[in-house]
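Shared between the two complexes below is subunit A, which pairs with subunit B and subunit C, respectively.
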Partner chain A sequence: MALLDIKNLTLEIDTEAGWIKALDKANLMVKENEIQALVGESGSGKSLIVRAISGGLPQQMRITADRLTWRGKNLLAMNGEERREIMRRDIAVVFQDPIGTLDPTVSLGEQLEESVPYEFVGSGWFWQKRAVRRKIAIQLLHKVGIKDHVATMRAYPHQITTDIGQKFMIAMALVSQPALLIADDPTRGMEATTKTQILKLFKRLNQTKGLSILFVGHDLLAISSMADSMTVLYCGQTVESGPIQKLQKRPLHPYTKALMESAPSFRVDLAPKSPLVTLPGTIPTLQHLPIGCRLGPRCERAQKTCVQAPEIRKIHDHQYSCHFPLHSKAK
Partner chain B sequence: MTTILSAKALTYVSEAPRRFGRRKHEAFKLGPFDLTIEKAETVAIIGGNRSGKSVLARLLCGAMQPTDGEIIFHQDAPHSSTAAKQQWQKQQVRMIFQRSSESLNPALTIGGILHEPLKLNTDLSYAQREEKIAAVLSQVGLLREHYFFYPHMLSDGQQQRVAMARALILNPSVIVADEPFAALDPSVRSQTVNLILQLQRDLGLSFVFISHNLGIVRHIADRMVVMNEGQIIEAGRTDTLFRWPKHEITQRLISAHQSLIPQASDGKRLK
Partner chain C sequence: MIKILLRYTNLLVLTLLVVVIFSFALAYLFPGEPYTNLTGVIDEQAAAAHQNLSVTSAFWQYLGNIFAGDWGLSLMTGQSLADEIAITLPATLELSLYALAFALLVGLPIGFWAGLKPHKGIDYSVLGASAVMHSFPVFWLAMLLVLIFSLQFGWLPMSGRLNLLMDVPNVSGFIFVDIFLADNIDRSQAAWDAVKHLALPTFCVSIITMATIIRAVRRSTLEVMHKPFIIAAQSRGLSNAQIFFKHGFRNALLPILPILAMQVTTIITNVMIVESIFSWPGIGNWLLQAIYQQDYPAIRAGMLAVAGAVIVVTILIELFNRIIDPSREKFEDVTF
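Coming up: the complex of A and B.
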């Protein structure tokens, strides 16, 4: 059964120019025991989806969705308390900019110990509870690969490096033993060795604990090495989703193909210093979104019908929305 | 190939702030090491956090003074006096900073941003400067109209281009870039890579850059310098280093990168 199921999520922002659809019928499904990647450029609404799931959106944004469910329960119809309960125990989010999301006035150890749920602490005198909290915190730090727990727990957020901060945030997210971990761009700006450590950690958690992971980001190299399936987002529209091997081998949407080609490591036959394939232009701003398929102006296969938003089509579990998909002749 | 920039016994020592009752001690030491940069080649500097990559980049472009050793610029200056020569040399090595969006002054238009280095370094008149700016804007793939834009009106990729234009405007022969691709999206990143390749081809620029992205390093760099704790631990041609890394740390970096790369289904190993 799907853990998290999002169907036609539309999110509107009120601006001077009227209501703008920052997310336009986005779809996403995370199954149990699965690593799902959500790929898109900055400004494509990845983080908005994450915030819509976690309920952290400002009041003035309008959310409508056919389905936004967690284990079959509608998240949008819930009251605050039920929703917080789910966020506390079942879903954990690692937001972007780990050091910025930590409390700068409290030491890291205190913050981590504070987030240990009461159920794990058990009963006893306050010093016994404190010892249990501390033990859980230290175990977690070791698990995510922070060796020097004494110094880290005593430090304040500004004293640690970004990669320690990232690992610390993952530890904090794992403390409640969630069923789903949402990691928003966890490998941004990391050097190769630290990145592989974090990815291995995710993979291991997924295999041993059965943790589902929603990996948000645009590091395709990292994603292709660990994710099972992938959803590609462009300007708030889901353009393609499916198992990662299929998307890699035979991308049907021109944008997916352009994304894949933008990473030089994916191409065997690429001569050094040869120009890379790019889409012309840049991602449009929210005020100037094109109608219909939002890739339209940048797409070389675009035709007249592209001003109407394409329907979602399916080939087995491979979904795409494009009027003129690649490889369409072979079909 | 002709050497364009070389560093001899380059050392930089930063001292930790003195605390009560403690003696002064070194907080970070870079070097001493030698480094040469040839004309029209791309050198990538890789290494972990706190390995001194950014310090090296700043030393090379003269934003920081080395404690010991010297950086020699191997091109004859068209000036005779020492002061004018030094000034000219500084213009020849220009830097692109890590986050282009934050390194542009938000209170100035793009035109104003590009006027500044010209005002400070050359004796051009206003009209000549305008002409130069228009030329450099088109060189990096922007429009003349962008002269009147403010940085916040531009997208990431365009801001990156402005940073590039600011570096190019004094006709340098070496450009030093501190993680120029880190904050960019994939499609914008490949555009920037293409721009750099094209500029290098057209102008014969030498390009020194710091990157974590080994895929791009492999694609565009001729030579690679691996740093750790202020020392150069390995340097050499990119393909040699990728195939036969000698030092343990290089091996670790390369294998970490290779482990991410998917194995092609037809048994051919992607490189």
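Coming up: the complex of A and C.
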């Protein structure tokens, strides 16, 4: 059974121009034990999906979904208490801006120790519990590759560098030993060696602990090296999803193809010195979204029917939303 | 830590020095002999001798006197000004302190409450009420309250700090401390009497500050509760109460403290106004008398005392704010 199953998730934002659909019928599924990648250009709504899953949306956002379930349980229908319990124990989120997601007035050590679930601490006097919390915290810091745990635990959020912050947030997320880790751009701007270290850690946790991961990012090369499957988002619409090899070898959606071609190192069969292919135009702003398939104005295969949003079509576990997919005879 | 303390001590000393220089200059700007204005003594020979002194050596002499506790004599009463101030200033500070405490006690919870439930009925009524509170002229409010509670119903006394029949010796100048130290009286009865005398003036002074605090707290709570770290805490499954008390509360308070430091001036000013209505034996009342009587040494010394008190309290609040807000050092590293 799927761990996390999202079907037709629509998220609207209240702006001066009225309610705008920042996510339009997005679909996403994370299965047990898999690494799922969520990719898309900047501004395509990846972080919004993460926000929608983690809950606590501000007043100017509202969501509707046909399905938003965790292990078959409807997240939207449950009360605050049940939802919090799932977020506390089963799902952990690493948000995009690591330093901003830390309380500026509390030292890192305290914040990490505070998030150790009480189940792990056991019983005893408060100093014994404190020592246990501390031990767990230090182990975690070492695990994510922070060697100088003394200085890090003593520091305040504004005193650390971004990559320490990123690693620290991963430690914070892993502390509850979740079933699903949602990591929003966890390796952004990292040095190559640090990045491989983190990716290896993810892969290892996935293989040894059965941790499922929703990896949000742009870095197709990193994603192809570790993810099992991939979901491509464009302008708040999920355009294609499926096992990563299938998408890589035979993308069906024009956008997926363009995305792959824009990352040459990702392509297996690229002739040397062939020109880089890019889509014409730029990603539209939320205020000027085209109707129907949002890729329409930039798509060379677009035809009249594209002003109607395409339904999801499936070929086994490979899904796409396009009226005129690649590798099919144009009508 | 030591660096911080040094920096604030430095700030305190320099600011106080400026105030002393100003008070010294006043003696020359006021009509009459500077010597008389500085000491309160009318003595032609000494005044002539003082005039021969250079301004700098006169200032050093003055500074020395100030530190020695010799602030001069009052022209009006001939009493030592330092002694008179030691009696009146605590009465003023006491009233200010209670007004501030009361404003915080009521203002903080209401502000948090409104900030946690923004744009709802509660929030709007709180905002409306605080706007009304903020626009009361303090002397008008004081007279209105006297009219209602003292003259109409006779529930509360309208003047003074304590019933004159109670004989509480003045030791510290703070009424409750003095009541506690006095031994031949019924302490609880005296304390209750003091509370009744305090009620109206404290309420009047605190009302404006309370309105300011409510608005500031509401605003900063609103802001903080939308910060990414609050969202992250929610995603970790903390309950709303846990989030507020562990992460929201402290961060929402930080921007309040500087506002509080500025309110100290407002409160002391309002206390000095209210004092004359309630015949509160504080320094405001005393200064007013000094002004009526053109008692220049008293005006000079009174201003020095009030300004000094305001500066000390303000800097202490600033220091406290600096100590509990670790992220402030980020800005200081740039300037140092």
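Keep this in mind: the second predicted complex is superposed on the first by the 317 of 331 C-alpha atoms of A that agree within 3 Å, B and C clash if a C-alpha of one lies under 4 Å from a C-alpha of the other, contacts with A are read in each partner's own complex, and residues count from 1 in each chain.
Definition applied: contacts are C-beta pairs under 8 Å (C-beta built on N, C-alpha and C of every residue); 3 or more make two chains touch, one makes a residue touch a chain.
What you are looking at is a predicted structure, and each value in this text was computed from that prediction instead of being measured.
S.K.: Looking at the superposed three-chain arrangement on subunit A, would you call subunit B and subunit C a clash or a fit?
M.R.: fit
S.K.: Identify the partner contact of A:M190: answer first if only subunit B is touched, second if only subunit C is, both if each is, neither if none is.
M.R.: first
S.K.: Once the two complexes are aligned on chain A, which partner has more residues of subunit A within touching range, subunit B or subunit C?
M.R.: Larger number of subunit A residues touched: B.
S.K.: Per the contact definition in the header, classify A:T105: touching subunit B only (first), subunit C only (second), both, or neither.
M.R.: Touch status of A:T105: second partner only.
S.K.: Students often get this wrong, so check: with C-alpha centres, what angle lies at subunit A between subunit B and subunit C, to the nearest 10 degrees?
M.R.: Result: 80 degrees at the vertex subunit A.
S.K.: Which partner does A:G56 reach: the first (subunit B), the second (subunit C), both, or neither?
M.R.: A:G56 sits against subunit C, while subunit B stays out of touch.
S.K.: Report, in whole Å, the shortest distance between any C-alpha atom of subunit B and any C-alpha atom of subunit C after the two complexes are superposed.
M.R.: 8
S.K.: Across the two complexes, what residues of subunit A are contacted by subunit B and by subunit C?
M.R.: On subunit A, the subunit B and subunit C contacts do not overlap at all.
S.K.: Quick one: which bits of subunit C touch subunit A in the complex? Just the residue numbers, please.
M.R.: Listed in rising order, the residues are 119, 226-229, 231-240, 246-247, 250-251, 254, 324-327, 330.
S.K.: Mind pulling up the subunit B residues that touch subunit A in the complex?
M.R.: Against subunit A, the touching part of subunit B is residues 46-50, 155-158, 179, 182-183, 185-191, 193-194, 197-198, 212, 214-216, 218-220, 238-239, 252-253, 256-257, 259-262, 264-265, 268, 270-271.
S.K.: Which part of subunit A faces subunit C closely enough to touch in the complex?
M.R.: Counting only subunit A, the residues touching subunit C are 51, 54-56, 58-59, 80-81, 84-89, 91-93, 95, 97, 100-107, 114-115, 156-158, 172, 176.
S.K.: What does subunit A use to touch subunit B in their complex?
M.R.: 41-42, 161-163, 188-196, 199, 218, 220-222, 224-225, 245, 248-249, 258-259, 261-268, 270, 272-273, 275-279, 282-283, 285
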